[in-house]
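Here subunit A shows up in two complexes: once beside subunit B, once beside subunit C.
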Partner chain A sequence: MDATEIGLWGVPLAILGGAIRVSTPFIFVSLGEAITERSGRINLGLEGTLIFGAMTAYAVAVMTNSPWLGLLAAAAAGLCFGLFHGWICKFPKVNDIAIGIALMLFGSGLAFFFGKPFIKPKAPNLPAIPFGDWSDIPQVQAALDVNVLFLIGAVLSVVLWWAFRNTRAGLILRVVGDSSDAARAMGLNPNTVRLIATGVGGALAGIGGAYLSLYYPGSWTERISSGQGLMAVALVIFARWNPLGCFAAALLFGGAGALGPALQSVGVTQGYYLFYAAPYILTLIIMIATSSPTRSLAGAPGELSITK
Partner chain B sequence: MAEIVTEAGMSVTFGAKGHPAALEWIARRAEAFVIPLAAVVVGMALFSLFILAVGKSPVQLYETMWRGGFGSWFSVQNSLSRAAPLLLAALCVALPARLGLVVIGGEGAIVLGGVAAAAAGTALDGAPSFIVILVMGVAGMAAGGIWIGAVGALRHYRAVNETISSLLMAYIAIALMNQLVEGPLRDPASLNKPSTQPLADIYRIGNMPGMEVHWGLAVGVVACVLSWVLIEKTRWGFAARIAGGNVRAAQVQGLAVGSLIVGFTGLAGGFSGLAGMLEVAAVQGSANASLAAGYGYTGILVAFLARHNPLAIIPVAFLLGGIDASGGLIQRRMDLPDATVLVLQGMIFIVILFSETFYGRFKAFNPDLWERPDLLRGTA
Partner chain C sequence: MLILLYKFYFLNWHSDCMHFLEKALTDPERVPQGSINMTDRFMLSRRQLLKTSAAGAALGLASAAFPVRRAFAAAATVGFIYVGPKDDYGYNQAHAEGAAALKGIEGITVVEEENVPETVDVQKTMESMINLDGASLIFPTSFGYFDPHMLAMCAKFPDVQFRHCGGMWDKAKHPMNAGSYFGYIGMGQYLNGVVAGHTSKTKKLGFVAAKPIPQVLLNINSFLLGARSVDPTITCQVIFTGEWSLAVKEAEATNALVDQGADVVTCHVDSPKVVVETAAGRGAFVCGYHANQSPLAPEKYLTGAEWNWAKVYKMFVDDLVAGKPLPNFTRGGLADGFVKMSPLGPAVSEPARKQFDATLAEMMKGGFAVIKGPLNSNKGAVVATAGQAFPENAIELESMDYLVDGVVGSTA
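Take a look at the complex of A and B:
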């Protein structure tokens, strides 16, 4: 079959490939946010962490010529942001949502500040595994070029799903998230657990940022993230704080994000900007469909301010 | 109140706790000024450390910031021009905050308000100027009001989190603007930067007499004063404050919480839409991508700094307008990135939120905890 003749089949194929490519940052940010929210806090600042992680990863990769060191640096930077959020929110009357908004602005401001000299240079990319080599159709090859981080994210979501239910750490996290009083009665310090949970969540968001700048789109610009960090927070609610749900929802969002470029590749240019907005519209529709004023959300951690 | 005759035979009016009433009055109100001011100072001090760490002089930075934002009549006018949209954008956060809602997507209302105003201005080309400007204002307010009012309605009737939904809607609004400006509303003559048809000069809003600041500043100040009256002096504002404190209690009292939420968020969005209309009519002359200049996001910071008090928004917007305005000068004079002011704003924002924890902690601001001089002196 001639590669150029796959015609309209290119659209679902491009969406599939796009879903795999676009969804990876969503997977990491939403898994991180799921851990944080399970502990009873919400960190809206992951958008800022994502951008700062993207910048850190790119800068370190440029300087050391190693994308893996960049990834590590991004995770460390994310950890710092998360720990800061976790620490500052332990003080009475400090609002976790408002701090998240502030960190969103601060993180992106800091990333733009330090990222200025790195807009030009080229960094080495994270490697991808060509699962599509059996086919000689370039579109299939492109769609099945899967980055290792996507696979790590998939494994991580299964591990977290299992760990939430079956490990001591998972149980501690859920108890703290459901009732601070019950946790204290068990001799646990809720603030410490939340500090760790927010820190880990930030580190995962930093990794998501590294994927953005080191693989797809694969360069550092000030417009590298357009609300992915924020959509991931909404996605966690939709996924009912379940890591497997986060993975599935991330794929769905990735597919929606790939819709515009996929249609453009077959020559549909009308309404390009509206297709570009598809993930946001999808998020909003899902939020409207799954929220209800009369019953509280099933599976929601009891201490979460967003559900109170 | 009690009249107490001191040993020296002097008569002084004392407050409920036996201190001079004026002192108690000042002490109770000082907290709302002292803590935010201290937070700004601490934020600026932390930023100085940051600037030292990147090898520049904080003294030179603040000096440049002063010169660029406040030091001369020219820079003050520049700051005031930037403060105009910030006043309205901050109201978009402050009004819903009184109901306990955190709306952060004002940027979307600004953008759509600007597009609606530009479309109205183009459609009415040829009509008398005051009618066109009026209709543009109404169109801008309506577009913004519907956008943020929808966020409020979703919150109340579907329990959709307003913080996330408003920000998502801001992204959708920007996409909608791009679609309209590149498609049906595009002026074919705008090649590099797609824009709507430029407004005729008679439909542009000019400067206030004696200064190089457009009338949007006056509109913003009036909007802030009206909002303050609405919140503090009307029954709707009173009802909103009750609903913001405790929704159940408000519903038991028979307050129409749904209408309050939709009304307040709608008005809040209307103000942001008006900011977009003013950007089009007074600054840009047409609707284009420059509408999404980040005023909506700086407005969040203004509102939180002002602790959602509409009167306090006025000086805070001037302050942040000045910081914004000095960004260019800092970039040129000190060879620092233009994001420098963003870092400063972020630091101040975090310290301000952190300072919430100190309210009610200081004895100096709470006369109820003071020692009672009348008891100490043994007059009882």
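Take a look at the complex of A and C:
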């Protein structure tokens, strides 16, 4: 077999590679949103945070020539957005969904405004670890170039899953999310907990943005996100607020997104719009199969405005 | 609710071909009462403005010989509207570069607005350009601006000239203060193909395309036929992303093409930046589109088919300044200077350079046909019989619905 001809093997390889390449922003945004929603708030503004994080990371990386400083700046910017959301929402009768939408538009608008001068310059990329060196096939090597952020995201999802169950902080978060009254009775201030949870969620979304602009696709343009922040927020519900579920769902969406181009590249060219819809069809099927009219959504935090 | 939001968010980003969707969204009921009143207010100021600008024009004519009065001769304001960011290394940048070429012309003021969705928003932008900036010539550059948005403004402001980028204007159907201009860029993709054919070692080319509309199909076919003029065994794999601008999907498509052995990649999407960077990152060569992307991949960039809108816009503005009626239907190709090629990159071999120059010289003479018989589609249907040739201005090419033999891909 010629080294450049991998034929049908390209499809599973592309799904694997796509799952690794495309999923990272989904992982970070959905983990961040899982933390926020577990505390009983929804932050729909993470799409804006993602775009602003992408812009900040790229701009700082261009100016300092260090992608890591860019990453830190994106996390800090995301933290600010999250804290802002958390701070406004503590006032009585403020709707967290409406604030989220406002912040989504505000974040992307601000990113477009500050990002103008950074569309042309080129920033240094975040490093990837070549796990594919054992193979002689360049396609396998390319698919197994794993960015460090993906690995951090994978570890983080396990840590969060464990922490939600087994740590004091996890317990506090869940109590606040399930019942404000119980939390107050325990002497906790729900607003403080939610402020911190939204801030951390924003910081993680900022990191997801940094991955977009500093690794894959690896450049800052105003259309870089194409709605991934919103999809990641939806993934949290799909994953039933479970960090491990978020990770799996992100992989699924990443891999399914690669399916369309990969099938076209091996000559399955009819009906590509249908393949592009694959992740959504899959989501629908899983949602229908796992939901039941006789009970509420399993795992949903009780204080969440959409489940209350 | 999320889905609705998602849709709403995305409407802002569609460039071509979504006009039928937007038409449904721009029901008159959607225009709030307040804005009708506002328009009335504007109408007043518009009359005022027309009076002053008419006076200004008269003064301008009278004062041509008196440079002291030049301040009044600020003859015209020209408006440009872009659907995306004007520095996208692509479609919008090409138009913005053309607009920038007008800025040096005396008496011409250029006003621009970017990221304008193909909704009622573009009508508001046009109104404010006319009422507040006094624009007398407007170029709405995106496909979906034409119907119903630009046509509505044509009826409302009969003294303002509108020229739309695309081929939609029809003398029988549309007003005379509207018009369209477009370039035959397929020839540029043919030249891209010539260089790609010489450069490719795997004999497999890749094409990342947005949607299977006639102009995109002509570009794909031209690219492959250019390459086949070098080596008739070359094939071209096409991947449709389904949207004009989807950064991650474009990157995935490029990766999939390189995985399948394509070693020269080109594209037809709004912003080729992601495709160029991803392909070059994987070690493939690239041919550009819309604008010059060579700064993104100086070593891997072979050449590119670029718009030269500066030429077209200057032509319109010269007519405007001279007081001549503007043409309603403007077309041109390489020979007319509407389209140009990026300078050849360092990786282009000597034989490739020779054939590129020879083909370009032949095109400049006029009458060059990319689609000529005998030629079959990749489904086996005859698209041109022996001896039949379609030069760039052939009307048949504007309804192209096939991919030629040698292109791996499907139009549906």
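We adopt the following convention: the second predicted complex is superposed on the first by the 276 of 308 C-alpha atoms of A that agree within 3 Å, B and C clash if a C-alpha of one lies under 4 Å from a C-alpha of the other, contacts with A are read in each partner's own complex, and residues count from 1 in each chain.
Just so it is clear, contacts are C-beta pairs under 8 Å (C-beta built on N, C-alpha and C of every residue); 3 or more make two chains touch, one makes a residue touch a chain.
Because the structure is a prediction, the values reported are computed rather than measured.
Contact with subunit B, but none with subunit C, is seen for A:F113 once the two complexes are overlaid on the shared chain.
With both structures placed on the common chain, the touch criterion links A:I101 to subunit B and to subunit C. Applying the stated contact rule after C-alpha superposition, one finds that A:L274 touches subunit B and leaves subunit C untouched. In the superposition on chain A, A:W68 makes contact with neither subunit B nor subunit C.
After overlaying the two complexes on the shared chain, residue contacts for A:S265 are found with subunit C alone; subunit B is out of touch.
In the overlay built on the shared chain, the residue A:K93 is in contact with subunit B alone; subunit C does not reach it. When the two structures are aligned on the shared chain, A:F131 is found in touch with neither subunit B nor subunit C. Contact with subunit B, but none with subunit C, is seen for A:L284 once the two complexes are overlaid on the shared chain. On subunit A, the surface patch touched by subunit B in one complex and by subunit C in the other comprises residues 44, 101, 112, 116, 226-227, 230-231, 233-234, 271-273, 276. Within the complex formed with subunit C, the subunit A residues making contact are 2, 4-6, 10, 13-14, 17-18, 21-22, 44, 47, 101, 104, 112, 116, 119-120, 122, 139, 142-143, 212, 216-219, 221-224, 226-228, 230-231, 233-234, 257-258, 260-262, 264-267, 269-273, 276. Contact residues on subunit B toward subunit A in their complex (touch as defined above): 102, 104, 154, 156-161, 163-165, 167-169, 171-172, 175-176, 178-179, 182, 297, 300-301, 304, 336-340, 342-343, 345-347, 349-350, 353-354, 356-357, 359. By the touch criterion given at the top, residues 44, 88, 91-95, 97-99, 101-103, 105-110, 112-113, 116, 226-227, 230-231, 233-234, 237, 271-274, 276-277, 280-281, 283-284, 287-288, 291-293, 306 of subunit A touch subunit B in their complex.
For subunit C in complex with subunit A, the residues that touch the partner chain are 2, 5-6, 9-10, 13, 84-85, 87-89, 115, 202, 237-243, 245-253, 255-261, 263, 271, 273-274, 277-278, 281-282, 295-296, 408-410, 412.
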